[in-house]
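Which chain is which? They are A, B, C, D and E, in the order written, and residues in each are numbered from 1.
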Amino acid sequence: MAGGKVNDGPRILVFSTDKISDPAIDMAGLLKLHYPPTVYTISIPCSSAVKPRWILHALEQGFDGVFIAADGTDCPYGESCTEKTGQVVSTTMQMMKDKGMDPARLKMAAICSVCSEPFVNHVKSFSEYLRKSSNS
Amino acid sequence: MEVEKGKTAKYLKEKHEIPKQVTEHLKYFTKTKKMLLNALREEDKTIPQLAEELGLPAQEVMFQLMSLLKYGFVETGEMDDMDEYFYYKLKSNGKNKS
Amino acid sequence: MARINPEFTDELKKYGAFDANACYNCGNCTAVCSLATEEESFPREMVRFSVLGLKENLETSLKPWLCYYCGECSETCPREANPGELMMSLRRWLIARYDWTGLSGLFYKSLAVSLSAFVVLAAVVAWFGAYENFNLPVIMHYGHYFEMAAITVVFAFILLPNIIRMWWLTIYKPGVRVPVSVYFTAIGDLIVHMFTQKRTLGCEDNQLRWFEHFILVLGYLSLLFTTVVLDWFASQSLFVVVLGYVESAVIFVVTFDFVRRRIIKDQEISKHAHPSDWFFVIWLFLMGLSAFAVRLFIDLQMLDNNVWLYLVHLMILVQWALVIVPFGKWTHFLYRSFAMYFEKLIEYTRSTK
Amino acid sequence: MKKKIGVYICHCGGNISDYVDVEKVREAVKNEEGVFLAKTTMFACADSNQKEMVEDIRKEALDGVVVASCSPKLHLLTFRGVVERAGMNKYNYVHANIREQVSWAHSDNKPGATEKAIQVVKAAIAKVRHAEALEPIKVKSTKAVAVIGAGVAGMRAAIELAEAGAEVYLIEREYFVGGRTAQWDDLCITEETGKELVTRLYDEVMKHKHVTLFTGAELVDYSGSVGNFNLKVKVTPRYFKLQCSSDELQKAIEVCPVEVPDEFNFNITTRKAIYHNYPSEYPQLPAIDMKNCTRCGECEKVCSSVDFSQKTEMLNLKVGSILLATGFDPYEPKKGEFGYGEIDNVVTFPQFKRIVHYCDDKLMYKGKEIKHIAYIYCVGSRQVDGENKYCSRYCCTANIHTAITVKKKYKNIYNYHFNRGIRTYGKAEVWYDESSRLGDIYLQSFEDHPPVVEKRGDQTFVKIRDILTTDKELEVAADLVVLVTGMVPRADNSIGNLLKVPKGRDKFFNEIHMKLRPVETVIDGVTIAGASQGPKNIMESMNSALAAATKSFSLVDSGELALEPTVARVNEEACEWCGKCEEACPYSAFEKVEKNGKTIAKVNAAVCKGCGMCLPVCPENALDLIGLSDEDVESMIDALIPNA
Amino acid sequence: MNMQEPRKTLEYDVLVIGGGIAGGESAINLANLGYKVLLVEKDLSIGGKMILLSKVFPTLDCAACITTPKVSEIARHPNITIFTGTETRKITKKGEHRFEVDILQKPRYVHIEDCTGCQLCEEACPVSVTDEYQYGLVGRKAAFIPFSIASPRVAAIDIENCTLCGACERVCPTNCIDFTMTEEEFLVKVKAIVVATGFNLFDPLKIPRYGYGKFRNVLTSMQMERQLAPTRPFNTVLRPGDGKLPDNIAYVLCTGSRDKSVGNPICSQICCMYSIKQAQLLMGALPMADITIYYLHIRAFGKGFNEFYVQAQDMGVEFVKGKVGKITEKENGNLILRYEDVEAGTVQEAEHDMVVLSVGVLPNLGISDVFENEKLELDPFNFINQSDMLASPAKTSIEGVFVAGTASGPMDIPDSILSGGAASAETTSYLRRESL
């Protein structure tokens, strides 16, 4: 779209999961819990499948932050999900540091399938953080 | 008996008498339609305005006008100052379709 | 803090209310009642108090008297809880509460007691007739004086104390303090309501019923006046004689219509008749009819040979005066008028606050 | 080869178009690379539009389609079906969610929503551009279903499945079948008692040779996926060889020294460690509760059937689908909640049912005759402060029905119902009417002002500010206070945790969609029935059990299942076999193979579930999920950036 | 054409009577298992009442989003044959797994397979009559497509109101209009029957004190449902009396339910929730409007229902406990509601500019009379009796005849769908028994 960008808040990419956190984000819409329209989701099977390079790609391409809406203990693929998602996050944060990026631009939280309000609260405060940090 | 396609109404007309109220209803509709469209030709009007002008009950104007809206003769315009009634206007028969 | 008494409805059932428990408190009855106002909302409140057995709240309330039983509430009640009949039953129950003798309650609750009272009184009259050797002039003489005496005694010793009790329950006990002067200024309402029952007109589609009631009251009171003061049966004045005929005719025609309706039950109000209702209309009808017949026999000079007719009339009269007037449905007429009067007093007090 | 893509943007009858300018979206995406046609439509899912799409695809030979509409959870399958009918590969279809995640989420910001919708659709187009035609993986499925829970819903589902032709394993954790219904006795609506209903269903279950019932059995582990679940079931023995004579059993019970609260009677009575719940209970074989048995051996001396040598067994079952009918727990009031646990004549509704069951001509509790009973409704349901916001649905009706029974069974009973608005929905309204007519008194409290139960002297009083009497304070002296407790999810949710069945806001198992897929869960192959899904009465449980049985059966019926082909894929050139993927995979889908003289990883497609856990661990970035390659994701990311 | 032509005989495994959401669910399930299903619907479109709704509680999904794909799945299923505009006249049980059914298809005067739904006939038709699919709020032509998401979405001729001018025929590009069509009778042989005949709505004319029919701004909830639906009659919610944008709307619950004085003692189970739903939708459509719901008890009992009710309260919907006693009309079309505010214990009057009567659910009578030699038993409220309600809720008094959805009593959409699923399950086992 040429010109007039309507949404000028911090852009956040959310990696949600097909069975757990994406339904929660759907439900946030259903309940008309509003959050910034600069939050975009890409839904994948499991949060532990996020590759660090995708995150870096997003940040390099212009996203201000990446939020991993993790399955947590509800993951249908097993208990190791939390730990593995954590590893992805720490690896990526290290890579971000190496590249001179603020590692706080990546955030992860477990979002259960009905955690609509927590999701909205997370992205709102994340967005607030990103806005402040980009201004400072 | 094979009836020619596209002309079957005539065939049924011979066997089936049309009730009087059906034709009367048609006349009534045609008449009110004309009245309403004429009244709107001058300027955009609200339903109470039309009712007063035409001496028809407001609910009757509402029903007929909404039918005309559905059939594509009329479209909805602005709201009045009190935010109570819509103005209705003639549809420019698709000429201005953007 | 009020304690719930679920047994109360069993007692109330003896006064006629059978269905009040079915109420689910939707308020439809109050909403359709054209006499209910924001200040005086009924009948649901009365139904509720009855179901909970809050006797105190019931006996201090005038609301049962504000209802004229058009039947709309019962007809439209979604639970068929019959609020109209409950109001009627409450009126009966209240009469029993007002009555210091306790006889009202006894008569209302037991058909056997009522019938026995009627039989005993009839027997007394028959015995009296026999005692006087069926001497017509003597019997008629006593009969006339009985009427006067009965009115005085019943009023002085039963009705007046009862009205005072009613005042005590509904005005004094709830703590309504009315300036004495208001008792006098409001008296007009008492008279108007007593003679016209004009509040009935507030009910929808009720003009005919009101009219019938109105001429019945007029007929009854004027016949009372005509027999007691003008001494109808002894009068030679053509005016008095004809007046008496007209009055008694009005009474039995109207009451005949009432009885007819209670039999065919075409209206909500006439669907649920308590024995006391039957007694009232039947005795009124018989009174009108027998008085008419007595006078007719006098005029046809047949009464001397038909003493029994006067005795029958006297029996009816005695039963009426000693059972129905002091303890039966007749009292509605009185209490209702006073309820209006008291209501006016309360309204006044409320408005000055 | 460049794709010819069709884009359809749905108004959703205003749900989208009220907040998103769909025309503007269409304008913005129509010139995107590969987009051949872009249309808006009132209802993309309507039949007429589906037909139009099929025609478009056929006529224009489209090989990529995007529908921007509601959540893919609703209609991804619908539109995959549409493109398939038109002869297109269904994996070239991409669904863009511009309703739940755009129009509804940003209904406060129309321009913002429109701009986001444009990006979301562009990202979907980008994904289609890279999408490849795939074929589903066909696997054989086992024509067997495991039904967990042998309450009435579970038994009914088992019968239905067996009649339809599946092999059924009915797995019950307790030693006896019937679940809550067996404890319930008098049921509403019919003359039949709970026990009779249980007996009837049990007899039918037993008639079917295709149903195998396991009692004292628990699902402890599972592997595999829809079509082929491998279940590990632990069966604890009853320590009884066969039915012993009733005399011997009686003696054995007498001699048992252990006495524990009887859960079947909601702890108002006690039982021995050797027990059955009621004389005609099924299976007709008592059990010894090893948790409480002291192994004193007394019973063995008097009853020849006792056999302590029986061992816990582990069974391996293979099924194609799992049907959960695990039921509910009655809410257990907290200590002090309406005097529960503190005032001795305060009981719960289930306990009250058992008390009524044990009292014949006089209603007695703790040695006192009961005349005045106060029922307090919504205990544990519709909580204003607590967590249970939901209505438990059955309690108003069940309790009123019980109150009527009590009134008819014993003399001079007075019932007082302290409610928050009676919810005898549907035909149950007649019970409410009947109980009122019998003289029951209904009192309604304000939401934030519950009734108070207090003890003064040796009398228990219930006080209320009654809505129906204009906020008047009223009180009742009650001989017994019954807390009408609602339904809560099973406290022991081990099975839900094991299978990872998601729970709803009310913490009951959640279906995918209440109307579109009411008995399915997001875990493929796992269906839910009865009160495990939320409060239900018996009839409603039966309906859901039958519906779930139909669903489970349709999964295993054909003997073959088509699985999503979105599994992991190894870039054989890049792979240097380090074994990290094998370590990461929870399903052991990787194996080490030699190919062209090189050791590489190989994916077993039938085992791989496509979770992608292996993806980030590969140091060579040699792993991809089919349909979720780096290219796919990165092109979507690019498209989501408006100035990119 | 010979009128005496012997009627055609058709053979199917299952006959489903009623193409609403419950009948549809049963038909799909059975067809998926390979049974040949005949679905007869007396209306011109399948989809029942649900397809005409706005959104559904408690998720606020649009009703069309759920019905249209389902309806389209039914329509194209190779194992399902649909007869619309068709009545079931007579059902005779000839033995186990043998039923003979007489059905009668009314002429549509349009060949369904040729019609493209182009609406040219509709445009050409000069006649305008009341549109029953918009519940009388607006007109429609005598040549018409029932509604835009109808299935089949093809034209029909309303012969009662047609002047036989022939205008439609002349413009029809595919010559699909055919006035020579006549009623057709069929004899259908089936093995089992699913009755899913749905419900009727209470007619508020039976409560004259509410003024429905007399006061134009007193609507039924179904009329409001249409006003809120995507295929709505007006451009927004308007008063039918004069087109005013309402800003103070009242809901009168239990209109014709839980009311012995109109002969319906039971609770309709859905009115509370659909009223709350409409209130929420109205708050979205008319942000300035006040909504008041006059209720007796709020029956928010299903999954997520109570939460939905609380949500409406939080949104500002006013709930007043009290049954409305009567409604009177003011000169300006506003309405005065008289009710007792039960919490306050006093009678009140309130003015609203539009009143919605939340009408109840009544049985759709008639189907039981169709059965010839065996009696289809009804319950005391004239719904179809469930002979084994607790173990087999879909069973009726006749073996081989099953009931689905609201034909057996009031229920909401999820329950109807589950009940449809149950009916298909019972039918399946019944049919399996034959093959054994």
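Things worth noting here:
Basically, a residue touches a chain if its C-beta (ideal position, glycine included) is under 8 Å from a C-beta of that chain, and two chains touch if they have at least 3 such contacts.
The structure displayed is predicted, hence computed values, not measured ones.
Common neighbours of subunit B and subunit E under the contact definition above are absent. The chain with its Cα centroid farthest from the Cα centroid of subunit B is C. Chains D-E form the pair with the most C-beta pairs in contact. Centroid distances from subunit D, each centroid being the mean of CA atoms, peak for C. Taking the mean of each chain's C-alpha atoms, the chain whose centre lies closest to the overall C-alpha mean is E. Between subunit B and subunit D, the centres computed from C-alpha atoms are 54 Å apart. Computed centre separation for the pair subunit B/subunit C is 64 angstrom, with centres defined by C-alpha atoms. Annotation: 30 Å between the Cα-based centres of subunit D and subunit E. Annotation: 82 Å between the Cα-based centres of subunit A and subunit C.
The set of subunit B residues touching two or more other chains is empty. Within subunit C, the positions touching two or more other chains are listed as 24-25, 45, 79.
Contact with two or more other chains is made by residues 59, 258, 321, 342, 345 of subunit E. Those residues of subunit C whose C-beta lies close enough to touch subunit E in the complex are 24-33, 36-39, 41, 44-45, 75-80. Taken in their complex, subunit D has these residues touching subunit A: 28, 71-73, 97, 99-109, 111-116, 118-120, 123, 500, 502-505, 510, 522-523, 566, 584, 586, 609-613, 615-617, 621, 625, 628, 630, 633-634, 636-638, 640-644.
Those residues of subunit E lying in contact with subunit B across their complex are 1, 123, 126-129, 137-141, 159-166, 168-170, 172, 175, 177-180, 216, 233-235, 238-245, 288, 333.
Considering their complex, residues 1-4, 6, 9, 19, 21-25, 45, 48-49, 51-52, 54, 79 of subunit C touch subunit D. Here subunit D touches subunit C in the complex through residues 414, 416, 422, 432-433, 436-442, 444, 463, 468-470, 472-477, going by the rule given at the top.
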